[in-house]
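The data blocks that follow each hold one structure.
Two complexes come next, and they have one chain in common, chain A, joined by chain B in the first and chain C in the second.
Entry: the complex of A and B
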């Protein structure tokens, strides 16, 4: 799985961090999400899919292999 | 008030009125009439208080699609916008905050205030919130029984928290709580407009003071770093302060009181919640209560910027759109047995905080406060019970945000 985060769309909701803390974090200065791991291990895939599904700004896209 | 659903085709004939009254015997679920509309189509035309028409979107999938569509505007000053009540446009002409603006203005202003609301910053506040919760419970237990949980606990907690964060003196709480409630009331335009004026004057004075004597809080930071160097107009900061103050305490307070009422009426679920030490289960319970109760009860207000095809219908440019998040959170295609409160279900996809770029800025704060409350209150007071007839409680039918004005409890 490949994760792409479009920071320009992010509205700093924090939803992705709640869903998958190992994969997403937020910048301290403005809460914009940062990607910690763009090809997360299989064990994290469900959480990442959930993060993408709940992101209110459609800022997370996934390419499943 | 409530119309019978005699017409079928949307946009022709007599459309059903919206909002729709709740059934008196069913205080938690969305109104039966709303569910009836949902069962006929994902969206349909309704008629509003001023006689204007609007598309009411009630199904989960279509609601999320539209909420995230940039052709759907939140701009309250745009012609066609479905105003929630008389006086709304007049108030908007005087003052608007970013909740009723579109990007790029919305994004610019929202981003000024996102830093204190990140998951990490909010988690850092948890010990202080736990302390506040314990103190409020101590005070309540030392006072008379029965008492009003709203006045003694549900309102003070989020008010204290948002006051500290913004730098608003909590000593003024009776004053701003009264005017915030008036601002959210749909029935009295004059009172709401007066409340806007009074709160604006108050917060503008506070901003002026922070400019001269900054303290350690969000309003001081914005005053000195944004207003002083001319990056932000003072009136825009006042509008932000107003939005955060009003949104920051009324909503969470209603979730605390209404959530407690819902749990007291589902003793098996309350027992399970009280028994768990697992933070993940408490967090799950909070999501389910947010979904089940969906306190924002008059829908998210929008207007179409272009023709939009959805579910076999065309929303024309300039037409009003209302996203009924309460109905969507009770859509059986998204949540099985949606009317059942089930603290064990995975409800995290709910839209109680909205969806799209306006999704609630304070959601992590609200979640954390509710997690602390729901994992503390019923443990500290295991005998907590309702001290009034639930049917006779003063429900907030006339407000944008649902809840109870008063919740008499005993222990």
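Entry: the complex of A and C
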């Protein structure tokens, strides 16, 4: 799985961090999401899919291999 | 598992589309029909009053799904068609044009329609709900008008901020004493008012509109309840919205405040509702709720998709809402009753960088952050845990370390 984060769309809601905190974090200054791991291990895939599905800004896209 | 083989979804925006996507993700391989009355392929609304109005994004960027993703849904997409009625006994949705579609399970996701005022039919008066509304409003703002915004909820406040961003003269009018009072109460509402004043908006809260002034069918201004006559070439009416349930009037469904549902978002056997149109019992707060929030539309649609497939689980979220105005990003988890207590957990109100908790009946029911996304996310757990209000003092010491 490849994760892409579009920071220009992110609205800093933090939903991705709530869903998958090993894969996403938020910047200190403005809360915009940062990607910690763009090819997360299989064990995190469900959480990452959940993050992408709930993101209210559609800022996370996934390419499933 | 429910054995439904025929799901019809009415309303093809966030809630409707998310229901469809989630059904397929969960393995549903029966018939799927998505009916939506807008001519556009489904798009997202929050950017309408922000990037679209400001002109920083092209409309293409707010599409909810690409054409390929829509095709992959393997659904019958009836876009540009409206549902005109519902026959629950026969299990059919009636469409404009007189035909009808049968359903095994029905999901109602028709959202809300903006409320109108006498005068909205005048040229120069705008509502803001759809992409076409936003594009028309932007085009009109580019002509450099004097702007009056009627209604200082989040939508009116965002529209005022966008107009100031274009250098326009703006007046923000609301009969309530401060902006966003219904959402966040007096104290935080007053801060929103100051924010707008600091950015050069003439804030006239505590004043209503008596009538629209016009010449030859075009608006020229407003007469306010304090007798003032205000000149305006463009008026934005943002006075709330009402559930889009007109097409359900004869259906027999209970429509007190939107489509009334139980805790699993079910309105009748085989009939569910999701998004802005749905009213349901949120067991986390033990309260009836209808939310006009972007994240709720997604989460409720996901819950409804699971329940359509037989999960029968209550939907009991902690609501989340945000609004962007100028450089302020206000985010909120939970509920904000008018008589709630307020305590600052982090930062200071006047510095416009803080997190505040709202307490009601001895519990933390909401947390609100102003330019504090990370801290707010951490403190969300107080609402999840329904922390006793009396524990907030200890919390202040904890957060003082930040």
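The rule we apply is simple: the second predicted complex is superposed on the first by the 65 of 65 C-alpha atoms of A that agree within 3 Å, B and C clash if a C-alpha of one lies under 4 Å from a C-alpha of the other, contacts with A are read in each partner's own complex, and residues count from 1 in each chain.
Here is the rule we use: contacts are C-beta pairs under 8 Å (C-beta built on N, C-alpha and C of every residue); 3 or more make two chains touch, one makes a residue touch a chain.
Values in this document were obtained by computation on a predicted structure and should not be read as measured data.
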item	value
First (chain B), second (chain C), both or neither touched by A:34	neither
Touching partner for A:54 - first (chain B), second (chain C), both, neither	both
Common interface positions of chain A, toward chain B and toward chain C	11-15, 17-18, 26, 28, 30-31, 53-54, 56-58
Residues of chain A defined as touching chain B within the complex	11-15, 17-19, 26, 28-32, 50, 53-54, 56-58
Partner chain A, residues of chain B touching it in the complex	67-68, 107, 110-111, 114-115, 117-122, 348-349, 354-361, 363-364
Chain C to chain A touching residues, read off their complex	18, 21-22, 25, 44, 46, 61, 64, 294-295, 298-299, 302, 320, 322, 324, 329, 331, 371-374, 376-377, 380
Chain C-facing residues of chain A, complex	9, 11-15, 17-18, 26, 28, 30-31, 53-54, 56-58
